[in-house]
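Dropping the structures in below, format is structure tokens.
Next come two complexes, and both contain chain A; in the first it sits with chain B, in the second with chain C.
Entry: the complex of A and B
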């Protein structure tokens, strides 16, 4: 075991933890039973449709909905003026309204909503709504947005169309560079990409006669939706119930309260009937909340001993029309560069601008992906300058475990060294890197990501996650918590964290994570927090009930409670294992004169950590995940096509609660990361029109393009994670893009500084390099 | 997205289909597998009030070494190895269309008649209304090459090019009776007019001349992903050798124009030349030079143009196989 990996967690023979378990909702997914939001039908349910702005930027002079209201079959029509209360997922950045009130800010912005008997009538009603627009000059690029203006997209922007600026400095970076042996600088351009999740957004709202509002929505953050609905609908929170049906993928694309949810609620209140809004695929793209287009300028220095000296980073991110999670994204583009390497001096200037385009938000790897690409490219370039092997260079610059970064991150468990050593060995790095024939190459890259944001986005002292467990005389265990299962396996994780301390089979546990009335709140599925926080809360609730069962067993047998171990659905007295009480007997004894067993477990918050400077909280996490990948590529130098043949993917997840699920997350992250690296892009043409708002032209990687992936699970046993576990849903995305880029360099000597690396760009780069040298038009085969 | 309203007809014979077409008086489309047309209908791209579904017409089914029925599924064409000798290269072309799922539904006739494409055309009603309609649907200007005369939408079907190199004929049945049109002449006109088929005519089957059966033929398709996508460019070629000399060579370039582009005039001049690496280079270069893709698909035009040369070169080298040409440095 490498030095950096702690191993003081007692090695126990777990019964469900560490097993390869198919996710407990798998059958309902593969048989299509769901139910997903769109599967739900309520009596009297109407179809809702949204009228969207055809202008990227325009003032609304007048809206006339009278003809739409008169159309037979139309039961409600709503416009922005009826619900002017602002909302947004971050309390510090609430700039959205249910529909546009005074102006529209991007093509696709919501202007009005209708509820009608059927889709055709609803669409006909939309066509009858007349909106008088006064087009305004659209801001469509980062450079345009930085220009001073007297008429910004959002009134709260002061000088230009700037949403957020971050300035952080730790030590004198310029001095460090002057003293460095080499400094590599580069500018990188990243076009936006988006989640392209399988299930489009869908919501059903029902405002019932008793004055309560129920919302079913495909959501990652039902709790934040709950709060936002109260604000927008001007209702008390307890009168609103949010229910999350099965979700068909989200990846950060469903981690905000949305206008369409507000619109459905307003329409339902307008007519008293349930209203469903289902997006078509174009609307999913228009809603976006994907990765920000980014311009990254980075400089990284190394001294004569091969040690990194400093990092200077300027990131400009294009936020589109709304704030969403953008303030956090602005921080993450910089601060998440402070691992896994030890960087003694750091300067970061981050800017998020508003533009008249589809809003950007949190997308898997939130803010870290593009900067990680830049950093891992510059690390390779420095290694080359210093004539050091790039993998060894990384090993020699790692943060140790149990340390603090210069910007105040508390690093606990850290398995990077083991990750790098394992991929080095498995990929036969030393024999092959730099030694393969032209067109074939190996590349390495590391990653670093938060395992849950340490700080709440709302100021309060509520636990980050609360789990209630109930067991009744039938022996079934119900687990209640609002963690959003979005395909990452949180329901299964909760079940495992309860089943293990109780020593029961997993199928005895039934997870209810859907309903704000009955599930105590969890903040939601974002920032890779759920396993760490909800898992800990579930484990604690499980332990409370375990204690009750053990005491019951003690009463039944006359043996001391502390001698009992729960496993195999029994309470076994360890000093004399012939003394056994079945789970059901112990349960019924515990229930006598007591009733159903209930227990609560909470994850209140991480220990105090971090500095006192502005923005210190951003990037703080109770623990971090670490990765190291090696990718092998083949480049066809005549066509520019890059084929990723194989990836060795080592990820430190603390402990793999469910190795099957962790592998799935790693493979899915690689798929998504390769998409951004090779084929995905979200371009605009002609003044604010998304070119490819459909799944044919927005190209995600096909199954055939996926490389062979060898997953290497590294377990550094986090001291605070449940059973030692940390995140595995986002970190594994970070290294694949730069590993491929570094492999392309090994293969053909070209460094790509903009993504995606489409064949035409690779070929242009090859030609630019060859310019000036006479070359036949076509090489012989 | 829902389809616009239409009346659906399902004739059992070609004659019945034509009779319905006559009654619809121009306000109809034929539909077979629907994998091309229905998407355009959902986008409200020139939808018609009547759809005449051809799927029940038995006489259009069936694929033998004499004829390929218009309703032949691409998946069936791909699966039947016995057809290769009769239709060299065609099975390969069919296997590159879209994805396995689409090929279970898509037909030969439908692929020949696939609608031309442009990223200002293949968009939703909302998008096109916002940006302004184009002359191919509801408007009167081209948004790619601003003018009002010609539509530049690109032909994107993958079967036609190799069929053209084999001098295939498309057999049409219409109000005036049946006729055969040579594939090489079938595609004409701009991105709106597209081909010589009259609106009511149905492509009942495809044949190739017996002489073409001995040829080497193939199709290569360029797309960013290796499945699902329409071509960014495509090249088809057929070759008959007389010893080491070219007896006939045909080349068609796809997805660079409103129709698949044949190069008959040029390749006729190559008859009698020795089929060497140098000739391959020369042909690939000349065809590339003569091709002019328009910027209405996603990859850059200069790249697509270059790839015509690369794809054609590789395709022709593929014909060389393991013959003496390998010794000649191919």
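Entry: the complex of A and C
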């Protein structure tokens, strides 16, 4: 047992935890019955369409909607002036409005909405809306945005088009570098990438005569939508009901309250009919919210003993037109570099700028991906400078378990060492790294990610998650919560966490996690928080009901309650296992006095943690996940084409509540991360238009481009996770990009500093090197 | 533009629908016939979510004019299960973890159905060729391949073909 993996926790013979369990809602998917939002039809429902800005930056002088309003079949038209209240997912950057009020800020910005009997009429109405624009100079690059300006994109930008700046320093980094044996510096360029979920955004709003609003929306964060709707519609929250139908992929791309949701609500309030807005694929691309384009400058030092000395990091981040999650992104680009290595000194400057492009926001691995690429590249370079094996060098610099980082992160369980040892062994690293023929290579990289955010976005004292459980006389178990099932398996996880303490079959449990009228609130599916927080709340609720069943069994048998365990749908008296009460008998006895069993479980803020400085809360998590990957690549030096042949992916998820689902998350992360590493990019052409606003030209990897993946689950058994579990949905994306880049270096001796690593970049790097020194002779296969 | 009544053979039954010349099959299936199992992912033929079988061949219903279907047999995801008895493809898709968000699944299931009718024991290379037009953003395709191998084996009644890739 590795020294940093806990082995003192009691091992239990779980019945549903740790089993390979198909998702409980998979029948809805394999039959196509859903329903996803666009599958829903309401009587009298209208088609909503949005007029979008053709300009990247322009003042709106006048909007004339009179002709559109007169068109037969049009039932409502709305513009920005009717709902000027600001909103945004973060209370600290409320900079969005439902539609443009005075200016448009990117191509695709919402200007007006119409609701009509059918799509043709709605589109005809959009063409009848006259907007008088005064084009303004568009800001389309980080460099332009950093120039001083008197007419910023947002009035609240004080100097230049800057949205957020972060400055943090822990110890004297310059002194650390002076005392270092080697310091490696590099500048990295990362173009934006986007979620490309298969389901386009969709919403239905119905404002009814009782003054209530119901919204069905493909959402990861129904609770934040609920709050934002109340602000924009100027309604009390309890008069608004948010329902989340099935969600066809999200990855962070459905984690903001959106203008189109506000527009649907305003249109419905304008005519009293249900209104559906469904994006076409171009609109999905135009509104983006994907990973921020970033320029990362990093320096990392190592001393003569092979220990890391300090990290200096500067990130310039292109936020696009709105704030979205950008304040968090700006912090995360720095602070999520503080694991899994021990780094005694750290300095970070982060700057997020506004530009006249679609807003960037949260995307799987939020804020950590680009800095991780830089970090793992420099770790590799330092190991080479110090003439150390890069995998051993990582092992020699790891944070231990149960420690605190220099910036105040409380590290609990930490399985990185076991992750590295496992991929070293499985990939036959020691025999192969640095020893493969030219064109083939092996690369290693680690990762580190939050398992939920310890602090709430909104300042209040509510629990992060609450789960209600009800059992009535039929023995069925109903679970209510607002964590959003987006395909990651959260409904199945909630069912498991309730079923296990009750000792019942999983199919007794029915999860209702989609309706703010019936579900106690949960903050939603972001920052990899659901298993840790909602899972803990579900487990607590299950335990409360388990105690009632045990007491009932004790009453029925005259034995002490402490002796009973619940399993196999029975209460079994452990000291004499012939004493058994069936689940239904125990339930009916427990119900005799008070009726249906109801219980509540919460996940509250973890214990106080973190330092006392500005931004100390950013990146603080109740627990962290850790990864180590090895990738094997083949690089064709003639074409520049990189083929990833195999990935050994070790991930410390604390405990795999459902290994089938955990593997699926890791494999999906590798797919998305490889896309950013090899092909995906989101380029803007002059004039502020996206060059490839469709799935064909955006080029997500197909089945044929996926490597063989060997998933290795490391279970470090987190002391605060439910059954020891931590996150598995985002951290596993981080190591794949630098592992491939480090493997490319092992294969052809080229360090890539810009993503994606397309053949043209590989070839020009090879040509630059050839101009400097002779190209290595290709070895015969 | 005036509508015209046509009869489509959908899932083995004649369905009368009023259509315009430019209507595509996807719209008619979802909006007129309420067959919402066929998903709308892009309307541009780039994602494969709307795949149905037209005379047994996987076809993007978003790019298919409905007037081109009057002489054809159309099969949608709704025809795959018998009542509530899932087809082996659907069963193994669930048990192997082939669906996460599930939005792409109906299109994949239809593509797989056509593949296994023509080739009951496809190797991984043949599977990858068959599903190259279907995008999944969740699974990395690893468990989709596993589901197809397992379904093929059950339909053939023999052990699954050994994976040659992830």
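Rule of thumb we're sticking to: the second predicted complex is superposed on the first by the 771 of 781 C-alpha atoms of A that agree within 3 Å, B and C clash if a C-alpha of one lies under 4 Å from a C-alpha of the other, contacts with A are read in each partner's own complex, and residues count from 1 in each chain.
The criterion applied here is as follows: a contact is a pair of C-beta atoms (placed from the backbone, for glycine too) under 8 Å apart; a residue touches a chain by one contact, two chains touch by 3 or more.
Keep in mind it's a predicted model, so treat the numbers as computed, not measured.
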Inset, instruction - Examine A:107 and indicate which partner it touches, taking first as chain B and second as chain C; both and neither are also allowed. - result: first
Legend entry - Partner chain(s) touched by A:200 [first = chain B, second = chain C, both, neither]: second
Inset, instruction - Please indicate which partner A:639 is in contact with in the superposed arrangement: first for chain B, second for chain C, both, or neither. - result: first
Inset, instruction - Figure out whether A:693 sits in contact with chain B (first) or chain C (second), or with both, or with neither. - result: first
Legend entry - chain C versus chain B, contacts on chain A by residue: C
Legend entry - Which superposed partner A:54 touches (first chain B, second chain C, both, neither): first
Inset, instruction - Quick one: classify A:758 as touching chain B (first), chain C (second), both or neither. - result: first
Legend entry - Partner chain in contact with A:679 - chain B first, chain C second, else both or neither: first
Inset, instruction - Please work out whether A:29 is in contact with chain B alone, chain C alone, both, or neither, and reply first, second, both or neither. - result: second
Legend entry - Touching partner for A:704 - first (chain B), second (chain C), both, neither: both
Inset, instruction - Go through chain A and flag every residue that touches chain B in one model and chain C in the other. - result: 280-281, 696, 702, 704
Legend entry - List of chain C residues in touch with chain A within their complex: 34, 36-44, 46-47, 49, 76-78, 80-81, 86, 89-91, 93-106, 109, 127-129, 131-132, 135-145, 165-166
Inset, instruction - Would you pull the chain B residues touching chain A in the complex into a rising list? - result: 1-2, 5, 99, 119, 122-124, 126-127, 129-131, 143, 222, 224-230, 277, 281, 284-285, 298-300, 302-303, 306-307, 309-310, 313-314, 317, 329-330
Inset, instruction - Could you please specify the touching residues of chain A with respect to chain C in the complex? - result: 22-23, 25-36, 38-39, 41, 195-200, 246-251, 278, 280-281, 486-489, 646, 660-661, 663-664, 667-672, 694-696, 700, 702-704, 706-710
Legend entry - In the complex with chain B, residue positions of chain A that touch it: 52, 54-55, 107, 119-120, 123, 280-282, 638-640, 679, 686, 689, 691-693, 696-697, 699, 701-702, 704-705, 758-760, 763-764, 776-778, 780-781
